Structures are given as C-alpha cells and as structure tokens.
Amino acid sequence: MIPLQHFLLIGAVLFSLGLFAVITRKNAIQILMGIELMINASILNMVAFGKYDKIDNTGQIFGLFIIILAAASVAVALVIIMNLYKRTQTIDPNQTKSLRG
Amino acid sequence: MGLLSVLIFLPLVFGILILAMPKSLNAWFKYISLAVSLVQLAIASYMYYHFKTGDAFAGVNQLSQYQWLENLNWIRLDVGQFGVLQIDYLLGVDGFSIGLIWLSALVMLVATLSSWEIKTNLKGYFALFLLLNTAIVGVFCALDLFLFYIFYELMLLPLYFLIGMWGGVRREYASIKFFLYTLFGSVFMLLVIAGLYLSVIDPVTGNHTFNMVYAMNPANYIDGSIFNSLSNAEIFGFPARTVGFIVVFIAFAIKVPVFPFHTWLPDAHVEAPTPISLILAGILLKVGGYGIIRIAYGIFPEAAMSLSFWMGLLGVISIIYGAMAALAQRDLKRLVAYSSVSHMGFVLLGIASLTSEGLNGAMMQMISHGFLSVMLFFIVGVIYTRVHDRDIYNFRGLANKMPVFTGFVMIAFFASLGLPGFSAFIAEAFTLIGAFSSQTLNGLLPRWMAMFGTLGILLGAGYLLWTLQRMFFGKFRVKKEEWKLALTDVNAREIMVLVPLAAMALVLGIMPSIAFNVMSSSVNQFLLMFK
Amino acid sequence: MPGMRAGKTVRKRLKFRKEKDVVEQIIFYILTAIAIGSAAYVVLSQQLIRSVFMFFVTLFAVAGLYVFALADFVALTQIVIYVGGVLVLLLFAFLLSSKDALDTISEIPSGLLSANRLPAVLISLAFFGLLTYTFFNIDFQNLNWITSAQASGNVKSVTDDTIRNIGVNLMSRYLLPLEMISILLMMALIGATQIARKEPKAL
Amino acid sequence: MQDLPNIQQTTTDIINSLAYLGSEWIIIVGFLVIILTDLFVEKSKMFVAGLAMLTLLTSGAFLVHDLINFQNSELLFNGMFVFSKSAIQFKLLIVAVSLFSLVFFYQDHRLTKHPKGINDLISIFLASILGMFLLVSSANLLMLFLSIEMISLASYLMVSYNAYQKKEAEAGMKYVLFGAVASAIMLYGISLIYGFTGTINLYGDALIIGLSQIGIGASALAIILVLAGISFKLSAVPFHFWTPDAYQVAPTSVVSFLSAAPKIAVFGFLYYLLPYFQIGDTINQFILFAAATSMILGNIAAVFQDDAKRMMAYSAIGHTGFVLMLFVMPQALILNAVLFYLAIYSIANIGVFMSLSYIENNYAVVNISGFKGLGKNIPAMGVCLVILMVSLTGIPPTAGFIAKFLVFSSLISFNSASIYITFLLVIAVLTTVVSLFYYLKIPLNFFLKKSVGDLPIARNSSVLVALAILLTFLTVLFGVFPSLLNALIG
Amino acid sequence: MDSVFTNYQILCFALTAITAPFLAFVFSLIFKKLAGAFGIVSITVSLVFSAILFFSIWQKQTFHFSFSWIKLGNVSVNIGILLNDLSVIMLLLVSFVALLVHIYSVEYIRKEALRYRYFAYLSLFCFAMLCVVIADNLFILYAFWELVGFASYLLIGFWFTKKKAVQANKKAFIMNRVGDVGFLIGLMILLSQFHTLDIETIFGAKGIIHSSFIHNGNWVSPFASIPDYWLTIAGFCFLLGACAKSAQFPLHSWLPDAMQGPTAVSSLIHAATMVAAGVFLLLRVSPLFNDVVLTTMASIGLLTAFMAATIALTQNDIKKVLAFSTISQLGFMVLAVGVKDNAAAIFHLSTHAFFKCLLFLAAGMVIHQLHHVKDDTKTKFDEQDMRNMGGLARFMPITTVVFIIAALSLSGLPFTSGYLSKDAILISVFEWASERGGVYWLFPVVISITSWLTTFYIFRVIFKTFFGDFKLPALINKKEKELHLHDPNLWMKIPTIILAVFCFGFFFALNPFSLEGSWLHHAFNLEPHAGGLLHLFVPIYINALSLVLIASAYFIYAKNKIVFTNHKSWYYQFSYHQWYFNVLYDKKLVGLILWKAKITFWFDKHIIDGIVHLSAKAILVLAEIVDWVDTHIVDAFVNGLANIVSSWSVWFKSVQNGKLQHYFIWMLFIFLSFIIYKVII
C-alpha cells in the first residue's frame, strides 16, 4: 500500500509547481497550465482520500466534477485569452498593463 | 403635529416647494424663504414667551418636565437577536434649548436677508438653505439620540454645497475640510451612540432606547452593559464611560471649535458666502456647545467631572490661542473667525466649571456670540459685497465714507470685546466667575484658569481695536480708486439686519435675566447630576 | 494516439500490482518521478512548445497516480478530457497565439531574468513546506473517519467496481450537481462561442 | 451490493426535494427557453427581455411563496441543497437586484448597440443567477465549488462579453486568470478538508469533529484555503486585485450587477457556513483581517481614482470589508444587519452605476474629472448621485446610515470589550471618513466646478433617469423609515 | 437720621440724576442740532438733583436701594444705588464739573461739524461716571467703570481722522483693559469668597469683610475658605484696576497720549473725574487691603507722583505738563489711600478736581485762542507748544488769573484748597513714616520734594506761557496786532471763573489754614490725626520753599535770567548771578533735577512706554507665532493625516501596477503570511 502521505506530498509538489508557474510564466497559456497543475494536485488528493469512502465515493466523483469544470473553465479562459491576443497581439500578462492604479 | 414639528418641517416643506417651482419664479424664492423665517421666528418667539420656568419645568433629565413634548414611535426595526431597534420621534424643549431655538430662528432670518447678495442658481441655494434650516432647528429639538444624530449630520450636506458652490476662491478645499472634520468626530460619536443604545433601556417599555433623557439616568442602564458605570467596562484599557465621553466631546469640540480641532473654521468661514458664515458662526458653533452640555456632560457626568480640568484647560487655551491667532490676521473675515474660537473658548470654560454661574455664563455666551458673531460676519459681508476684498490693510478711514456703518461696526466690536451693557460682557464675566469659584465649590478647575481666561478679554480688545483703528479711522484711503465709489454706506436692508442684532445684544446685556430666567432652573437641575 | 497507448500501459501495470507490492511501489515512484519531473519541466522550461508537450507527460503520469488511488475511472476521464480536450485546446491556442514565438525560441523571456522568480521560489517553497509540515503532523491512519471507514469496510479494494458505483451515485446522490454542471457547461459553451465569434464588420 | 448507496432512499429524497426548488427550476427553464429563442427567433431582443423578466418575476414569486409557506430549514437532494428562510431572503435580494440589472442591461449602450446581440448575455446572466441561488443554498463543498465556478465563469463571460478594446480584453484576461488561481487554491483547500474529515457536507458534526481532530494548524490551513475562493468572489483583500480592472472596463450595467448580486450570494453562503468552520478562531481571524485590510485598502485606494467605475470598485472593496466585519459574530446575531446592509448597498450601488451609465451614454465621459459642471445640465441626476453617494458613505438621512448604524451597533453589542473588534470599529469609522472624501468628488465635480466647454443637453436614457430617481427615493425612504425595508426583506 | 425726603423720593432723584445724561446721549444722536442744549440741560438736572441728594444724605444717612438683577443658583446679582457720603460728594463733584465743562465746550467745540457726537459722548460719559459713583455693587461698578473707559475712548478719538488720536484712544482703552482684567479677577475672588458683590454688604461698617480672618494660612469668610495669598492677590487686582484708570505707574502712559482729545474732555475726564475713579475704587474697597498691598500702593503712589512731577518739569506741550501733573497728583491720592488716610485722599480728590479742571480749561482757552490765530493767519505752528507762547497775560488777563489761581492751588499755597488737601496727605505720610520709621522716611522726603517740584513746574508753565516775551509773532512773521489775541467769550470764561472760586480754601474750610476745620475732610476722617506739631511744621516748610521756587521759576522762565538750554553757560551764569540759593537751589540741584527729569522722561518714554510697546509687540509676535503654529503645526497635522492617507493611496495604486503576476505575488504573499501565522504560530 502506498501511504496516504505520499499522495499528498506529490499533490503538494504539483501544487507548488503550479503556483510557481502561475507567478513566473510569461505567457497566459502557461499560467493556465500552472493552474491546471494545481487543480490536478487537488484531484489527486481527492482520489487518494476517496479510497476510504467506498459507498458515497465522494472523492472520485468530486474529482470527476473537477475535471469537467476545469475543462469548461479552460475553454472560457482560452477564449478570453485569445480575445486578448486578437486585440493586442500578445498574451504576456506583464506586457498588458494598461489598467493600473 | 406639534409646534416643534411645524418649526422643524416648515422650511423643509417650502424647500421642496421651491425645488418644484419653475426657474422663472426665481425672484420669489428669497421672499418665500423670508416668509418661512419670519413664521419660524414668530413661532419661536411665541414659544419663548410661553416657556414655563421653574423647577417643575427644568427638563434636563426629567422627560416629563420638557415642554412641547412630542413623542411618536418612529422606527421599530426588528434586528433579530437584540430585539427591536426603538427609535422615537421625540422632540422637546427645556431651558437649554429654548434660547438656542430662538437664536436659530433669528439668525436664519438674518441670514435670509443677507442672502439677497446671492445671484446665481437661486433655486438650489434656497432649497439647500431651507434644508439646513430644518436640520438646525431639529438638532436643538431632538431628544432622541438617533434623531439628534440624523439632524446633526443632515446639517453637513447642505452646508457642504452652500460653501462649495457659492463660496470664495478656495471653496472646495474649505467645504471638504469642513465636512471631513465634522464627519470625523461624528462617526466616532455614532459608535458611542450605538453603545449607549445598547446600554440604556426604556423604563416604560423595557426596550433599548435612544432616548437621551433616559440615558442621563444611571438607573436605566442594563447591568453589565458597556456604558453602565458599575460594570467597569474598558476600551483600550480605559474606562468605557471615559472613552465615550471623550469621543462625544471631541465630536462636539470640533464643532465648537475647540483648540486643536479648530482649523476647519477659519477656512470654512472665510470661504463661505456671507449668509452661510452667519449661520456657521451664529448657530453651528452653538450646536457644539449644546452637544457638549446635553450629551457629553449630560450622559457621562462622572467622566466629565473627572476630565473637567482638561476641558477647562482646552477652553482657556482656545480663548488665548484664538485671540492670538486673530491678532495675526490681516483678512478681516479670518480675524472674526478666530475671534469665534476665542469666544467659544469661554463656553467650554464655563461648562467645565460646572457651577451655576459658569454654565449660565456659557449658555449666555452662546446666545450672545450668536448675535455678535453674526453681526461681525455681516459687517465683513457688507464690505466684501461692495469691493470683494477683505484685507484690513487695503482700507483706511472708512468712517469718513460710511459713518452709519462705522457706528454699527463699533457697536459690534465693542459688544464682542465685552463692553458692559452688551450681552458678551455678562456672559464672559459670569463664565469667568464660575470658573474661578469652581475650585471653592467643587474643586474642578484651578483658579488660575479663570485668571488666564481674562487675558482673552484683554487680547480681544487688542485685535478689535486695532482693526477699528486701522480700517475705520484715520484719513479715508483705499487700495483702488474705483472702490471709493463702491464703498457706500449701509442700505436699508442692511440696517434692518444690523439693528435687531445690536438691539438683542444690548437688551440681553441690560436685562440678562430674560435669558437667564428660562435657563436657570434647567441649569440647576443639570448641576444636580454632578452632585 | 498517445493517449490510448498510455491507458493500456496503465492497465497492464495494474495486473502486475497484485503480484508484488514492491513492483507496485516502484512503479508508483517512477510515475511520481515522471509526474514531478515533467511538471518541473513544464514550469521551468524556457521553451514553450516543449513545456506544452511535457505537460502531456505530466497529465499522463498523474492519471497513473490516480490509478494507484484506485480511481481508474477518474484516470480515464483525466486522459480523455484533460489530455484529449484541455490540452489539445491549449495547444491550439498556443499555436494560434504564439506563431512568432514558436519560430524563435530565444524570444521567450528567460525565467532567470524574471523579477518574479525569487518571490515565486519563496512562495512555492513556503507553500510546499507548509503543506509538508502539515501532512507530517497528521497521523492519517488514525483519523476518525478513516478508522471508522476501515472498521465498517468502507474501504475500496482493487476489485471494486468503481464505475458502477460512480454511475449510481451520479444519478442519485449527486444528481443535483450533475444537472447543475450541465447548465454550467451550456453557459460556458454559449459564452465562449459568443466571445470567440467573429464580430460583424459593422463594428 | 453493499458498496452502493441506498438508491431507494436517495431517489425518494430527490423526488421530495423537487417541489422546493421552484424558483431554481424556473430559472433553468428561462435559461433554456432564451437559448432556444435566440437560436430560432429573429429580432428576438425585446422578446428575450420579456422572457427574462418573466423568469425572474416568476422565480421571485416562488421565493415569496416559499418564504411565506415554509418556516423550517430542510436539507434537500441528499444533503446537497439547504432550504432555509435566510437563504430565501438572500435569494429574494438577488432577484431584486437582478431585476434592476435586467432593465439596466437594456439601457446600456455598450450592450444594446453590441453587434452580436444581447441575448447571449441574458442567458449567461440567468445562469449566473442560478449559480447564486445554488451557492446560497449550498450544503456541501461540492455545491460550493460548482456554484462558485458557475458564478465565476458567468462573470468572466459577462465582463469579456464585448471586450473590443485592448483594455477590456486585458481586464477579462486578468479576471479569468486571477479567478482560476483563486478557485484552484480553494479546490485544494476543499480536497484537504475532505481528506481531513472524510466528508464534504457542511451540516452535521462530521466536519467539525474531523477538523478538530487534526488540530488547529492543519484545519486552519484547509479552512483558509477554502476561504480564498470565497474571498475572491467578495473581492476582499488580498483577493481584490481583479476588481478595479474588471469594474473599470466592463459594461456599466454588468458591473452594477456583478458588484451586487454575487456578493449577496457569497455572503448568503458565508452566513450559512459560519457555524461550521469554527475551529479555533481561524475563520474569525481571517475575516477580521480581511475586513480590516479591505476597508483600509478599498477606501484609501479609491481616493485618487479618476475613473468613476474604478473608484466604485475600490469602494466596493471597502464595503465588502464593512459587511465582513459582521461575520466575526455568531450567526444568530447578524442576519438582519447583513441583509439590510446588502440591500441598501445594492440599491445605492446600482443607482450610482445607473447614473454613471446615463452620463456615459449621453456625454461619453467616464472620468470623474470629466464630470465638471454637469450639475447644471442634469441637476436631477446630480442630486441623485449626491444622495446615493451620501448613502454609500453612511450619512443620515439616507438608508446607508441606518445600515451602517446597524452594523456598528451589532458589533458593539456583541463584544465591544474585545480589543480586536474595537480596532475594527475604529478602522471602520476612520475609513468612513476617508470614504467621504472620494464619494464627494463626484458631486464636487458635478456642482462645484465649472465645465470646460459647453455641454449638450442630455436626451437619452430616460428609463435610467427614472430608475435612478426611484432608487434614490428608496434610499431616502428607507433612511427615514427603515422598518419598511425590514418588512420587505423579513 | 431724619430726612426731608422719603426713600422713594430719594430713589427718584437719584434715578433722574443718572438718567438725564443718558437721555441726553440718546437724544443728541437723534436730534443732532440740539445736542449741546440737551447736554447742558441734562447735566444741570443732574446737578440739581445731586445737590438735593447731597443735602439730604450728607452726614445724615446712608441710602441703599437694590433689586435683584440676575439670579443664578446660589449667586444673585443685585443692582441698585448706594448713596453715602462718598457717593454724594462725588455725585455733586462730577455733575458740577461736568456742567461747567459742558458750558465751556459749547464755545470750544463750536466749529466742529460733528459736535453733536461730542455732546452725545460727553453725556454718555457723565451717565457712566455718575453710575460708577452711585453703584452699590462692584459688578455694576465694574460695568460702568468700563463704560466710562469706553466714553473716554470715544472722546479721545473724537477727531478720528487724526492718526495720533486714534492711536491714543486705542492705547488708552487697551491699557485700561489691563486694569479691567485686574478688577475682574478681584471681583471673582470677592464673589467666590463672599457670594455677593454688594459694596455695603462686604465693605460697609458691618460688612462681612470684617468678619473674615486669616487662619492657618487660609482666608476664611463666612462662606468659603481659600489660601490667604488670595487676599493679597485680590488687593493687588483692585490696585491694578485703579492704577490703569488713575494712570499710575506702570500703566500711566496712556494719559499723556490721551491729550490728543479735545481739551475740554481732557479737563473733565482726564483730570477731574474719570481718572479719579481709580482712587474712588480704592476707597470703596479699602477695607480689603492688607499691609502688603497698602505698602505697595503707597510706593506706587509715591513713585508715580515723583516720576510724573519730574517729567512735567521739562515738557513743552502745555497739555502734556498738565497730564503729567495729573498723574502726579493722582499719585498723591493713591499714596494717601496707601497710608490709610482715606479722608485726605477724598479731600485731595475733590480739590484736585476743581483746580486741575480749571488748569485744563484755562490751557484750553489759550490753545483755543491760538488755534483761532492759526486759522486766521493760515499759518502753521503747534498751538500747544509753550515755546510758541509767552507774554499772553497781556492779551488774556482773565485766563491768566484763573490759571494762576489754579496753579497756586496745585502748589498748595495757603488760602487755596490745595493747601488743605495736600497738607493733609503730607501730614499723613509723615505720621505714617514716623510710625514705621527706618526706610519709610523716604516717603515723606520724596513726597515733599515732589511737592516742590510741582510748584516749580506749574509756575514754569505760567511764566513760559503768560509772561516773558511773546514769541509767536516772531515765529510766524506777523505783528502782534494782526493776531487778534484776546480772552475767549463768556461761554468759556464763566466756567473757569466759577472754578477759580472753588479753588480757594475757604470754600472747604472756614479757617483756610485749618485742616481740622474742613468739613469735607472731617466727614471722612474717622480717626483724627494726633500730631499737632506736624500741622504747623509741614505746611510752613513746604510753602516756604514753594515760594522760593516760584520766584526762581519766574526768573528762569519769565525773565530768562538763567538759561538752561546751554548747560555750560547755565552753570556759569548761575554762579555769577546774584540769585544763588546755593544751599537750597543751587545750579547743581536744578541741573540735577532737570537732568533727572530728562532721565525720567527718557525712562518713561523708552523704558516704561517701551515696555508697554514691547509687550504689545511681544503679543503681536506671539500672535504671529500662534498663527504660524496654526497653519504649520495644527493644520499641518490635519493635513498630515490627509497626506498619510494620500501616500497610502499612492502606494496602493503603485501596488496595483497592472502586472497580473505581481498581483499573484502580493496575493499569495499576504495569504501565505496569514496562513503561516495561523498554522505555525
């Protein structure tokens, strides 16, 4: 048996890496990827804990919902990002800083 | 609908009427305002005349002893766990308020007459003016803290616009400063009001209440509530009641204004149009004094007593500081504004003394300053409307050109520097006497405070006489040639304004008992709370 | 189809797992290493397109980890939706948006030069440290709910039919969320198409 | 099969639950019908508007019906959905706000003159209302996650709906990425809570028992992570960064909606959540912190804003902090104050945005410094703005004052001796004073400053004028007779 | 104690006496043309009723009427009328002198366009002064005391276009205010100690002041007990009030400046009546003073008398000399009160009123006539400067005569009223000094010297003005005949002549040499003086020397036998001249005195006045500082708060820099900090 902690630690690593990506990447899509990493960490947690929830199966089902939702939100986010690209020809979040103050 | 309600809401109704009237009727607005003011004055006079005096009508902390009492259930807001938010439409008058109500009515009348000089956007002006009128009278009538607070704050907005739209060059700065300053104090006061509400219960209904008369009775406080004197609650390590007192005091001290909360005043006064200066000086400052007496001292008597020394000290500092600052001014209006700081310092000193003389003196000073500062500001306005300049150095020997005006100026100046025969003399003398005897009677204020306070009288003579000498006497000479034609003597309307004010100052100076009679039993009753 | 192939590999490994725990563990840690390593590459790489492709690997590896948590359906969904949908979407977006960037790799700003890097490292490490600290302070095997689950046999075993369970649960216990997410997806669909739609010339 | 749930029971529960969700069903139906209408009916703009209006009204009617007929709280849909009086009240508030917003959408030139039509926006709008309803009624973390995502996605879409300018697109991107990060964090928190407690149900004891077992540190971590997502929707500090950008460039009517409705929903949920996360004082401290910083930042940063909507965004942050203060108190004490405050805030806020939109429609100015001298041209609007601003500041005799007072008195009565609460109160008071400064900037420019050039006479959007006046009137009316409003929302 | 009049009638008389001038004041302002008539009629009425009151009250009874004016808690302020010997004599004196001045003024002020104001102000003054005199209550006394000052302010500044005049009236009022402050504090002390301000109740024969005592360092009264130094302070406060009003050192410098007003006004207000009010106040509250205060008072009186006399020696402005003379004489009175001889003070007050008033009026006649000359010839010269006069006796005999009579009285020569009153003071001082001995002997010595100096300077004026060469024609290049210089008309002459009559001693005592025979002095002198020898000795030595001094002054100023302008030659000439009173009046002494006079004047002008100016300056500087503090500290503090808010605002704005990832950093940083705080700590 793999100890629960190991799943959690992997999740933590993924989450932290996601955060790192979110902060450092110079491309909105890469930021989105970072976010996906974070979400994956959550799913991992969910399914890992879901092992002890056979009947209600909350963990796994939650995981499914997350995946679906992530897909939806990625779609929406990408549309918006592409919209930005259409207007500005860049998706570097540091290049687009006309809104400030 | 009681008399007080009529008094309060009459201007509001007509203000709305003016808003509804078409712009083509511009010329009528001032007459409507004038009529409203006259009716108000008539009502106020009627009330003053019929005001019953004596210990059975002292008011203060006895609700039944208030006169023209109006009590309606106004707001019954269910706030869940704490029960019902009980706010009453509670109006009443006692010896402390009746004089100020009358004063307000008079000052409003004068201010209306003075509003003739306003030429732009009359509709907005008079609508706001009447709204302000409502708020001011309401403040003096309200006996419910919540109602009081509403009227209190309601004064700010019209004033903001009246100063901001019809004011002088730096009007924006002045109006926002005024607004922020006052709001700063009053919002903190709101916290105390909320605390009081939660501490006080209506002995009749058992609900929490905003009734400020009930709040004066320690028996009405819930055990263990924050402002119960027995519960020893603390805020930031200080006794809650002391903190409450200080907060309320500061809120009103800003209004009075007391050093070091006074700096809004010169700016606001200087930038305000003349009628608004009149109202500011004549009534608004009194709201502060009234609030200190009625709310700060009335509700937190023991905290007030323990801090009376500091109150007195602030009073003395204000007296001297204001006078000193006035000496340094060369803008006539600023000078008058600082003189208000000085004169209102007497009010605080008198209140802090907690003696019969001191309190009566303070009340008298408020009323007296009401007339005199209005007169002074009006005088400034007379010059300003003619040449749009107020610099003392730009004028000389005005007495040659404007003899009647100079006569009024002299009356106003000498009256406000405390010449006997005028009300300010009685007021200041009694204030000082009260402050002096305080140590013997209740040991609150050391005697040197009164002695230093007398310096204010001396300095007052200094700046006023200097101005008189510099501006009015000597050979006629003004800065610009065209002013010579513009500086005409006072016209009939201006005389109409000045005469009643001078007369009132004189009448009160000779027969102060007119004012003292109505207030003395209230003062006595008030002082009993500090025994 | 790389996705399908990855799925098969996982299945094969499942069979081996019964025979030897050690193998299972080894595979688990290999997967872990792949997942973390590829994720790190995704995060750190300065080459856009490679990092995107490396993200495939990460997702696959994580899906593998799901299997170890006895969530084969979730793993499948991950592959189908994430890899098949999301990632392809990302890739398209990439291709659309970074045409120029793809040509010249050097144009991509270096992560090293980024002013955000240090705070990012600090924040990520802090988060990681915090999480690790928390996880090691908790004795998961003795948590009430886990012990009671173990006591009542409410623990998954490899033989369980999770798909059936999920199906039933979705249609009963989780019916409302399921319905909701349909609305949500529809809304997202409408909105996304609306925004992506080419605006009429009139504007 | 013992590893399956009791299907019989869950199905019965679902069937029993159906009747309670009348208002939600109606919205779903409306949503679908509008999509279909948009697809198959030509020139359907006004028709869709009517439909949406009908949907909202019917939904509201159901809510009123529920409010009158049901008193008890019930858990529906196998513990997914909580049906309670307070939830209905919040929902009613949302419906009311939505009704105003709906009318507003059709007065906003940026939306009505949109070449792609407004119908899609309406459907997204309805979906987001559904999300809000579900959020208010969320009984577990799954529902919380889904509904928050639903609102968020809808918000992203609405903000970016007609993002043709660079700025608009940029704001949309920032909003969506920020939101995604926040929801990822929240998700992680949810997963931890699930792991720590084995349940995602908020009700019942399992959550609290589980959380208390793992100790304060770990539970605090989980709880705070969850609160991140909630704070994001509230735009509380430090999750506020998207707010000014999104508010500044989104269509005014959308901002008006987003500044009010989602907040009501989130507060409604927070209200429900309050008793369940009380492990240690984590949640209280978080709220304390968020409230204090939000009030300070929101009010102070607003001072030098020139863009009116951006200023309102910061003001919204400040108000969020103000309402959040209430949540340091036990659940039982705050309902009325929260509802009252939110209602009043929404009224004033929508009123302000309507006025701003009116100005934007007529004069194409969005900067406060561009409002110079407008008071002469549109005095009625100016007066409305003044009163609404005063209400937002919380000065009598407007309703904002009563609301503020309720908050203050609730806090004082709860525990004025606590030094934290006293600090909070002091901050609230000080920031109120600061807030006056920027709120007054609009009237200042309107009335106190002279216009640079001649301004044309306004002619458009008389509906907005009427609505703004109505809202202003309500502000004053509820200020003088707050019991009326209380009767309405109670 | 039987009186011909009932109390009610007395009240009516008193009220009439004081209201008449007030009505005149009001009507003068309304009916401008009749102002003079109103003034004269009203003051005549006052005089008549004063006389009636005098005869019904004097030495017969004390009349006290009061009613409650203000009642507040435990304090009730009554106002009313107190008529006792002091009141009625003052009443009579004031109204009498005032009447004469009114009459005189008719001519004096004839050419002024605004003369109605003059009479109005004069009436106002009379009203206030009469009220001061009969006030039964210190509070009311204080009120009218200030009103008197106000009237004086108005009158000094009557020529308000004259810069000096307005400066002078401002100075007068403000310096009086200093005294008022003292008075007011005194009032406060008394009120808190006795709970009343009624003069009769506190200071009367059975007044409560007598039942108060010092016990254990506390001043105990029936109502309260306060530390004993308050008794002294109270005394000093009243003394301060009196010093300001009576122009005593160091608050005397307003009086010479006040000579900018019309001379008739100077005569009435700044010589006869108002300045005496200070002394009057001291008399009213005299039981209050303890030894410290009394000694101080005596010292101040002495110092003032001496200083002013020495200053008067060298002044060339005729009115200035008289002003300093007034200060000096008031110093005598204060000294008298200080040595506890109230009777002498009152007596001197009364006699001084007549002769000093006369001096001023006579000087006024000179000035008036010279002014006419100036107008007629359209030339410019200072009509008040004695250096432009000389030999006027030829043209204005009556003026000269009355002036000399008054001067004699001032010098205290026999047969004059001054002789009696001044001797009374001197004797008291001698007695007082002999009781105490030691350094107190300085008092009689100095006061004697002062007395001689008085003689000298006043005769210097006489000789410079009325005798010697007529310098004016040379000055303005006109012949004497062109000047048309003569005595003024009857309006001015008659009052002076009447006053001159009253300068003679027999009016006050049948035996003009006997102080004991003076009815006025006798009335107040409760403890007759013991030393009979002094009565003989003091007048003789004083007067003898005075005569010598007159003679010397004659030679110095009228004959120009001794020229002071050149010190060297002066010294020389003097030794050669046969007039060597080397022992008593040697050149050195005169030189010393003159030098001293100059020094004193310099001192007065630069140090005392300088201090006054300096303190005014200091206050102004302080005012500037306060103003600075106000704008730069108090207001800056407020603005500083605003700045804090704005700097935070700027900071918040800079955080919101548009970079999404910075937002993430901020967000996560804050968030993480909070979590770490919660999880770890």
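Should a chain be cited, it is by its letter among A, B, C, D and E, assigned in written order, with residues numbered from 1 in that chain.
Going forward, a contact is a pair of C-beta atoms (placed from the backbone, for glycine too) under 8 Å apart; a residue touches a chain by one contact, two chains touch by 3 or more.
Bear in mind the structure is a predicted one, so any value in this text is a computation, not a measurement.
Here the chain-to-chain distance from chain D to chain E, counted in touching steps, is 1.
Between the contact lists of chain B and chain E, the overlap consists of D. When chain centres are set by their Cα atoms, the one at the greatest distance from chain A is E. Interface comparison, C-E versus C-D: the higher count of C-beta contacts falls to C-D.
Seen from the Cα centre of chain D, the chain whose own Cα centre is farthest off is E. Inter-chain centre distance (chain A to chain C, centres taken as mean C-alpha positions): 8 Å.
Chain A and chain D have Cα centroids lying 26 Å from one another. We define each chain's centre as the mean of its Cα atoms; on that basis chain B and chain C are separated by 71 Å. One inter-chain figure worth recording: chain B and chain D are separated by 43 Å, centre to centre, where each centre is the mean of the chain's CA atoms. Counting partner chains per residue, chain E shows two or more touched chains at residues 653, 656, 660-661, 664-665, 668-669, 675, 679-680.
Contact with two or more other chains is made by no residue of chain B. In chain A, the residues that touch at least two other chains are 4, 8, 15, 18-19, 22-24, 31-32, 43, 48, 52-56, 59, 61, 65, 69, 72-73, 76, 79-81, 83, 91, 93, 96-99, 101.
Remark: the chains found to touch one another pair up as A-C, A-D, A-E, B-D, B-E, C-D, C-E, D-E. Residues of chain E touching chain A in their complex: 653, 656-661, 664-665, 668. Partner chain E is touched in their complex by these residues of chain B: 177, 181, 259-260, 262-263, 266, 321, 324-329, 355-357, 360, 397, 399-400, 414, 418-421, 425-426, 429-430, 432-433, 436-437, 439-441, 447, 450-451, 454-455, 457-459, 461-462, 465-466, 468-469, 472-475, 512-513, 516, 520, 523-524, 527. Touching chain B in their complex are the following residues of chain E: 69-75, 139, 142-144, 146-147, 150, 157, 160-163, 166-167, 170, 173-174, 177-178, 180-181, 184-185, 187-189, 191-193, 224, 226, 230, 616, 619-620, 622-627, 630, 634-635, 637-638. Interface residues of chain D facing chain C in the complex, by the touch rule stated above, are 1-5, 7, 10-11, 14, 28, 31, 35, 77-78, 80-81, 115-116, 120-121, 123-124, 127-128, 130-131, 134, 142-143, 146-147, 149-150, 153-154, 156-157, 160-161, 163-164, 195-199, 206, 209-210, 213-215, 217-218, 221. Residues 1-10, 12-21, 23-27, 29-30, 32-34, 36-37, 40, 43-44, 47-48, 50-57, 59-61, 63-65, 67-76, 78-83, 85, 91-92 of chain A are the ones touching chain C in the complex.
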